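Structures given as structure tokens follow.
The two complexes that follow have chain A in common; it is paired with chain B in the first and with chain C in the second.
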Partner chain A sequence: VQEKEELIEEWQPEPLVPPVPKDHPALNYNVVSGPPTHIITVNGKECVNFASFNFLGLLDNEKVKSAAQASLKKYGVGTCGPRGFYGTFDVHLELEERLAKFMRTEEAIIYSYGFATIASAIPAYSKRGDIVFVDEAACFAIQKGLQASRSNIKLFKHNDMADLERLLKEQETEDQKNPRKARVTRRFIVVEGLYMNTGDICPLPELIKLKYKYKVRIFLEESLSFGVLGEHGRGVTEHFGINIDDIDLISANMENSLASIGGFCCGRSFIIDHQRLSGQGYCFSASLPPLLAAAAIEALNIMEDNPEIFQTLRSKCERIHKALQG
Partner chain B sequence: LQKNGISNGTLYKKTFIEHFEQAPMYVAVLTFLGFGVGTVFGYLRDFMRAWGLEKRNIATEREQQKDFVPLYQDFENFYTRNLYMRIRDNWNRPICSVPGPQFDLMERVTDDYNWTFRFTGRIIKNVINMGSYNYLGFAETDVNALKTVTTELQKYGTGICSTRQEMGTLDKHVELENLVAKFLGVEDAMVFGMGFATNSMNIPALVGKGCLILSDELNHTSLVLGARLSGATIRIFKHNNMQSLETLLRDAIIYGQPRSHRAWRKIIILVEGIYSMEGSIVRLPEIVSLKKKYKAYLYLDEAHSIGAVGATGRGVVEYFGMSPDDVDVLMGTFTKSFGAAGGYIAGKKELVDFLRTHSHSAVYATSMCPPVAEQIIRAMKCLMGLDGTTQGLQRVRQLGKNTRYFRRRLHEMGFIIYGNDDSPVVPLLLYMPGKIGAFARRMLQKNIGVVVVGFPATPITESRARFCVSAAHTREMLDTVLNALDELGDFLQLKYSRYSKSSHPELYEESRLELED
Partner chain C sequence: MNVGVAHSEVNPNTRVMNSRGMWLTYALGVGMLHIVLLSIPFFSVPVAWTLTNVIHNLGMYVFLHAVKGTPFETPDQGKARLLTHWEQLDYGVQCTSSRKFFTISPIILYFLASFYTKYDPTHFILNTTSLLTVLIPKLPQLHGVRIFGINKY
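The block that comes next holds the complex of A and B.
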């Protein structure tokens, strides 16, 4: 017993956090005063804003703000509860319907935070023992979702379909050795529409071919491509002209083009309904404040009424790319 | 029945009374019987559906993908299909007004036993709200109260479109963080856009491989997820049980890591201020003395207790009369008592500086939106008295009065209530699966909205109805609810308690005053 007391006395833990040097680059944030729109005041200086994801310029749109004001008058700010316990407002239901109609899918589900969307969607379907093929350049939220799911992760080189096919073939030979296990192991491919880390678009038509050949489900993360690609802004499926039912789950966040907060997943009811009981960020967290949902609905209205803004965005992008490449 | 009063006198400055009464044995038997009947019928219906004798109402896989590996295993959904589906109308009830002490529900009916719902278009007005987490009543639409929020919304808009480390830090965030630090009495604080994400993204930044996490049995999913994502070893101690925690601490330090027996790098204890399913308050003085003795770190999640307990609403730290320096990491959310959204972490300056540079949320996730930040600022100023009124303090006192009154009356009526006498979260035990649906539906008929929870959020035999008392509830509203509960308790036979308090409240109050000496 004496020894045990000595051990307890002697043990010294590490400090809770290691000290951070005063000149660490990420320590002192740039403080923005005033609204973060196209002309932005950073640390007191006025600059042109090339840093925010405000693709459609809806951050300071008057119609969006007045919709949010009307919602504020009616509902207050917070929802004070998760979706299951009186946190479901009629604005949430309306936003889900509008998103499903806009993306031409059966159903959509809304999360209150963009990061949590894909990070809760992946573990709801993929569990321990399932196999996920994911692109190397996948964004951090996808990586966290995969880590939470505890599945087997197989990385393939960025946008390299030959590498993906090689991995799928290897998996097929594994399956033939153990057909009983293969019959219950689910397989998924997780890709992004427009990659945040590299800025390329994924080769969706080839992915669809691989999907049917090797019987793998596709989860598409469209945070950056929603409202950017495609003739009407429906994302990379419209860009390539693919039937949206071929993609099992599309997940996007509303924090980029829609200039709101939160995220959504859309797809067939068979798939989306499952998240209402097993999506952790949906069931155990408060729902989206109604003023943000109203702002998103108004932004969707603007997107539907003015489809020429996507063309404007695309021509400006091409101009900048050409100018930068010299 | 546990009563921990003066025997722990040196640590606790006031009586700490918690109740976790066990129901009589026949109740457990009948509960299992109820689940058994439900399961048998479930199998019968699945059989009939498989053989085409009954229509399948559930959505199915696409024709083209029928030969893919099935997405869901049949067994996983058994509970959802057969037991949850029968009483599904008691959850996800849509409302169409502010979630204050009363709200308006949209009426929905089902033609096919809860498989699909249809809105009749009628709105049920002024349903008393016992379900929303509106502890201090800040969910309001009063124009004067929301004046600053309206101006900020007009000035800043709704979105940010950027992360904290890029262009996402507004001057509003800096103002809010300074205010939170002042409110809690600590050096510095950092705010995040979502409460759930605060836990799941910051715990991995604080601990990693080679560290030990000691987490309470009944911790919230966000804490469990954060602990799992961090990669540290997790050990669980029994709910609020200090002997179990001390044993784990001693074993950890003496024996070290499981196979190599090397010393642990750090030990962190994860607890919550008020546990939302039990209504119990954490035993903070004992945990702090344990932590000091064994040199562990304490992470306190005050999601439900910030603003709701304590003489001026500063949370469990103030409730027990302790100093905020005793807790290493103070975490909380703004969703419950402040009527907004988001979370914060507060503590010493080194801790917050570290989180500013290393937290996943600062690098990858969007920051809080400006009107929500303004709502928190105005609510906090009101609580601290900085807006020149005593409204904040009045709200906290009103909440305390409402809580004590509500709990006392429920005890007198003979219901089994869990939790601490001072916690505004009141779980009322229902036990049997059939009563869950009956209770919620009949309360709605009386124009009262309640929250019921069953398996898997609670143990299988302990389904409960959970009431959240609010400072905005008036005495008449509480009396209406209590009378309805009295009637319903007799009708559904919910009064299981064998220890009902005497029906002479004056005598009870007297003896309580004596003990508090």
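The block that comes next holds the complex of A and C.
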């Protein structure tokens, strides 16, 4: 016991924070002054901003900014409520209508947080016992949506249609063994138009063929490809010339090309209407602030009036890609 | 939870039979059915009682032991999709008061029907088979059991 006391007296704890020299790099931040647009002023130096998803440069656009400021003067900042409880403003309905018309689908639904869009859309349709075929390189939001859905997840190798077909065939043989179970199981494929993790485009025509061959529904996540691919910026469906009705649900982030916040899903009314009560991020979160909805509407106006910006964007991308390859 | 009240119950099917007024409504409903059957002039009293018993047991079998899942979406991503209402009651806890009530009520109806049919053999066979179809699925040993895979999915 005496030794124990002595040991306790002798013991010096290690410092909670180790001593750090004053010029440690983590203590000297790089300070950004001014708005982070395509030119960003870091430590007084003007740099080209390669660290944002502001593809069309609409974050800095004067028309978008003035539309947002006018909306701020009219509505204030927040909506103070979810869509179901006095949080639906006319700008929300207008934005939904404009998005549906732009994407040439029947209806669209707005979420107030881009991550929550696909993470709420997947569990609204896919429940326990359903099967979802997902690309390995799916983004984090899709992974969380799949986790929330409690469905059986089958991963296929990135953009490997042979692997997906193998999985679908296996599922088909299982279904033939147990047709009654197969009749109550829903099957989905979740792919991204332009993958956030690898930068590849998904092979949509083959996916549509597989969809009709094996009777699976397709959910397409177009966060990075909306406003980038396609002749008028309508995404990967326009890029490949596919009929938009072949895709069951398109979900996209408005935080990239559209320079707003939030996300939207679009598709047939029958499908989108279900999310108005079952989309957890729609029913149980406050709705999008009206100034951001107005900014998104203005950005859509610009996209519709100047369809040549997409070609400019793509040619610039190809130029940089070639230059970087050396 | 009480029906028609704001509640945070994940699956209301589990608690609906414990709600205020459920048992009384159920008993009155069976009484109404019996009065309607008694009012039809073609049925004698024994026939009316046997019909009450059989129709009640048929309804109970369909709603409690045949139909699966919930008529509404639940926030638990369809945990009870393959369970009948009887299996969902009280989240699968056996021998709660609702379960005891719904086990005893067909037995009481059976006693009354046997009495009023004067223990006639044909009526006896009908009433007994009807009672068995509604009592056997309620046994705790048969919780989640699907015989011959019928009604499994």
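FYI, the second predicted complex is superposed on the first by the 288 of 326 C-alpha atoms of A that agree within 3 Å, B and C clash if a C-alpha of one lies under 4 Å from a C-alpha of the other, contacts with A are read in each partner's own complex, and residues count from 1 in each chain.
Simple rule for what comes next: contacts are C-beta pairs under 8 Å (C-beta built on N, C-alpha and C of every residue); 3 or more make two chains touch, one makes a residue touch a chain.
Keep in mind that this is a model prediction, so the values were computed, not measured.
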On chain A, which partner touches more residues: chain B or chain C? B
Could you say whether A:149 touches chain B, chain C, both of them, or neither, answering first, second, both or neither? second
A:1 contacts which: chain B (first), chain C (second), both, neither? neither
Which partner does A:183 contact after superposing on A: first (chain B), second (chain C), both, neither? both
Tell me which partner A:324 touches in the superposition: chain B (first), chain C (second), both or neither. neither
Output check: A:129 vs chain B and chain C. Expected answer is one of first, second, both, neither. What do you get? second
Touching A:277, do we find chain B (first), chain C (second), both, or neither? both
Footprint intersection on chain A (chain B / chain C) at 148, 183-184, 277, 280
Write out the stretch or stretches of chain C touching chain A in their complex. 73, 75, 77-79, 81-82, 149, 152-153
Complex contact set, residues of chain A against chain B: 4, 7-8, 11-14, 16-20, 24, 26-27, 29-37, 40, 42, 49, 51-54, 58-61, 64-65, 68-69, 72-81, 83-90, 92-93, 112-116, 119, 125, 139-141, 144, 147-148, 182-187, 212, 215-217, 245, 255-256, 258-261, 268-271, 273-274, 276-277, 280-281, 284-286, 288-289, 291-292, 295
Contact footprint of chain A on chain B as seen in their complex: 59-62, 64-65, 67-73, 80, 84, 91-100, 103, 106, 129, 131-134, 138-141, 143, 146, 149-150, 153-162, 164-171, 174, 193-197, 200-201, 206, 220-222, 225, 228-229, 250, 253-254, 263-267, 294-297, 328-329, 333-336, 338-341, 350-351, 353-357, 360-366, 369-372, 375, 449, 451
Could you please specify the touching residues of chain A with respect to chain C in the complex? 123, 127-129, 148-151, 180-181, 183-184, 277-278, 280
